[in-house]
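First chain written, first letter: the chains are A, B and C, and each begins at residue 1.
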Amino acid sequence: MSLDARIVVRRPGFVLDAELAAEPGEVVALLGPNGAGKTTALRALAGLIALDDGYVTLDGHRLDDPAAGVFTAPEHRRIGVVFQDYLLFPHLSALENVAFGPRSRGSSRADSRARAADLLARVGLAEHARRKPRELSGGQAQRVALARALATEPRLLLLDEPLAALDARTRLETRARLRGHLGTHAGPTVLVTHDPLDAMMLADRLVILEEGRVVQTGDAATVTSRPRTDYVARLVGLNLYRGRADAGAVRLPGDFVLTTATERSGDAFVAFPPAAVALYADRPDGSPRNTWPATVAAMARHGDALRVELTGPIAVAADVTPAAAVQLGLEPGRRVWATLKATEVTSYPA
Amino acid sequence: MLPLLGLLIRAPWQTLPQRLTAPGVLAALRLSLLTATLATVVCLLLGVPLAWLLARTTFPGRGFVRALVTVPLVLPPVVGGVALLLVFGRRGLAGEWLDATFGLTLPFTTAGVVVAEAFVAMPFLVISVEGALRGADARYEEAAATLGAGRWTTFRRVTLPLIAPGVAAGAVLCWARALGEFGATITFAGNFPGRTQTMPLAVYLALEQDLDAAIVLSLVLLVVSVAILAGLRDRWLGAA
Amino acid sequence: MRVRAFVLAVVLAVAGCGDGGDPPAAGGVGGTVTVLAAASLTESFGRVGTLFEQQHPGVKVTFSFGGSSGLAQQITAGAPADVFAAASPATMKTVVDAGDSAGEPVTFARNQLVLAVPKGNPKGLTSLAALAKPEVKVALCAAQVPCGAAAAKALTAAGVKVTPVTQEQDVRAALAKLKLGEVDAALIYRTDARAAGGDVDGVEFPESASAVNDYPVVALKKAPNPSGAGAFVTFVRTPQAQQVLADAGFQRP
C-alpha cells in the first residue's frame, strides 16, 4: 500500500502543483502557512475536488488521471478522512457515527456496530458510545472522528489539522494518543497542519508547501536544521540567509560576509539560532570571527529569553537573557555590537 | 386578527349545534383534511427531491426552474386551475393520454382535488426545504461520501435528518395552504359534495344563500386547522 | 364647449358624491350611476349603459357585475350603489327585506335555461332525458345559486334524475367547463349560451318553461344619486333597452 500523486488544481489567482508520495505505514505531514494549498491538496486526494492535471495512484490503482478521463468518486476510494472540525454527524451517537462507514460499505447492522464498538474501545471511548457529538469534549470528538475514519479500513488516511480545534492542554495529551493510533494504521497517512510541533511529533517526513509548491521535503531533523525558506526558518526559529560560498566565507546580499566553519563553494544557505548571537555595548575584542554594528528594532519575550530584532548590514534575531538586556540598556533605537561564532553557523548547498 | 374576531362575534351560537351536524359539513371537513394531507404527501415526494436538485446540483436552466417553482405563488389560483385543466383535462396534453392509456381522469375527482392543492401548495415546501438545504453544512455530505456512502444513502441518513426541521416546517405550511385552497380546486376539480367539495368550497356556496351557515363552516375549518397546527408545532418545531 | 362639459361633469360628479339626499345640480339627471348587476347581464347591460349615457349627456354609468347573492350581501353590508339588478326574485327579496330598496322591484327581463352542448352537438343530446346516461358528463350550477335552483326545477318537471360531475359556483363557471371540453353538457341560461358565441350550441327544451327566471331591478334607498338611479330603472324598460336585452337572448317580462 503506497501513495503516489501529483496534485494540480488551478483556481483564479492560485495554482497548486505538488508531488506527494507516502509509503505504507509512513506518516507524511503537509506543513505550510495558511493559503498554501494544504487543505486543497487533501480534498483532491479524497476526491472531494477534481484534479485539473496530474494523477493520484494508491496501491497501484489509478484513482485520478484527468488526462485519461479517470476520476474515482470519494465513496469508492477507500480513503479515510478526519476533518478539521471532525464533522461528526450531529444526529447520530458516537457508535452510530463510527458504524456509518462499515454500514455504507455493505456490512450488516450488527457487524457494523460490533466493529464500531471495537474501534471506540481502542480509542478509549467504550463508555461514551451512546453519546451524541455535542455531549463529547473536543478531544473525545477527535478520537471518535479518527475511529470513524479507521472503521472503513482505509487504504489511505488523511487528517486535516487534527489538533487545531483543541485547547493547549488537551492538545498535548491528544497528540501523544494520536501518534499511537497512527502507528496501528497499516497504510500511508497524510497529515495537514500549520503547526511545526504537530508535524514533527506525528510525522516521519515533512513536506513543506508554500504558495501551492513543495519547497522542501525531508525528515524533521533535516528540515529543522537546514531550512530552505524564510517560512521554515521562522517556524523552526533560525536566522536564514542565502548567499555565495567561497571556502569558509559566505557572501550575502549587501556584500556582508559571514565566516563559517565549513569549507564550501557555490550558492549556499547559512543558518544559525538566535541564541548564538551575542550583543555588546562596545566593540568586543577576541575570538568571534563575525562582528558587526546593529540597531535594536524591536523586542519581545520568547520563552525565558528576550528576542531582539536587529537591523544593520543583515536583519537578525538574537536571544538574550533579561539580565543582559537590562545591563545593556536595550530599547528600540539602541546601537549595539553583535557577534557570532563561526562554529555556530551551518551552511548547506542552496 | 380582526377578521377572525369578526367571525367569532358574528357566529350564530344558538343554532351552532344543529348547524354543525347538518349533512355535508362533516363530509366536507373529512374531505378537506384527507386531501390536504394527501397533497402534502405528494408535495413531499416531489418537492424534497426537487429542492435537493435546486440546492445541491448545477444544471442548465436551474435559475429558470427555481423561478418556475414559485409561479403557483403569484398565479391566481383560478388561473392555476385552468392551467391544470389544459394539461390534465379531458382534452389536455397529458389528460388525453392518461385517459386513453389508463382510463384515468383527474377533473371532478378527489384525486383532482389533491392535484390542485398540491400544485398550489408545492412552492411552500420547495422553498422551505431548499432554504434548509442551503443552510445545512454540505461538508457533512462530503464526510459521508468519504465513508463510502453513495448519494442516496447520504441523502437518507445524513442530509434528511439534518434538514428535518426545515422539511417539517415546509410540510406544515404546505398542509395549511392546501387546506385553505379554493380557486384551483373549484376550477380543476369542480364542486361535488362528498367527492370534491372541500370546506372552502362549501363556505363559498353557503355564502350564496346563508351567511350564518358560511360563518359556521369557516369557524369549523378555523378551529380544526388551528388545533392541528398548534399540535404539530409542539411536536415538531418545539422539539427542534 | 368640451371644457365646459368636462367642468360640468366634474361638478356633477362631486355633487353625486355628496350625502346622497340632494338631487344633482340643474334639476336633471347627472353624476355617476353605480349599478350592481347579475353576472349574466354583463354583455347586455354594458350596451344598455352606453345607450343611457348617450341619452343623458354628462352621466356616467359604472357597473359591478357578480353573482347576485354576493352583490345582495354587499348592498345589505352598506355598499354605496344606486341600482341593483338581480338574476332572481329570491335574491332581490333579501335586499327588500333588509329595507335597502327604494320602492318595489320591477321585473325587466326573463331568462330560460337551455341545454348547452359543444358546437355541432357531437353527442347528439336533444332532451333532458339524454343527460341521465352515465357516459354523459354534465355540469350544473350548485343548488344555492339561481341557475342551479332553476335546473333542479326543470329536471324535476321532466322527471329526469341527473348526477352531475360538478356543481359549479355560478353559470359562467359551468359554461367554462363546457368550453374547456371537460363536460359534455351544461344547463345554463340561454343568454350565457348565446354570449359564448360560436363555441357552444344551445338546445331548447320544453321543461325550461317551468323554470323561468325573472330579473328584477330596483333603485336603492341609500343611493348616492337617487335621480340617476330612478332614470336608469326606468330606462331598462324602454323599448330601446328591451331590444338590446332581446338580442342577448332574454325574454320580455
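The definition used in the following text is that contacts are C-beta pairs under 8 Å (C-beta built on N, C-alpha and C of every residue); 3 or more make two chains touch, one makes a residue touch a chain.
What you are looking at is a predicted structure, and each value in this text was computed from that prediction instead of being measured.
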Request  = Going by C-alpha centroids, which chain is farthest from chain C? Tell me that one.
outcome  = A
Ask   = Whose Cα centre is nearest the centre of all Cα atoms in view?
value = B
Request  = Find the geometric centre of each of chain A and chain C from their Cα atoms only, then give the gap between the two centres in Å, rounded to an integer.
outcome  = 87
Query = Taking each chain's centre as the mean of its CA atoms, how far is chain A from chain B in angstrom?
reply = 56
Note = Cα centre of chain B to Cα centre of chain C, whole Å, reads 36
Task = State the interface residues of chain A toward chain B in the complex, per the touch definition above.
result = 46-48, 73-81, 83, 87, 89-91, 100-101, 104-105, 148-149, 151-152
Message = For the complex, give me every residue of chain B touching chain A.
response = 137, 139-140, 142-150, 153, 157-158, 161-162
Remark   = chain B partner, complex, touching residues on chain C are 67, 69-70, 73, 137, 139, 142, 144-145, 164-169, 173, 176-177, 180-182
Message = Applying the document's contact rule, which stretches of chain B touch chain C when the two form their complex?
response = 82, 85-86, 89-91, 107-108, 186-187, 189-193, 196-197, 201, 204-209, 211
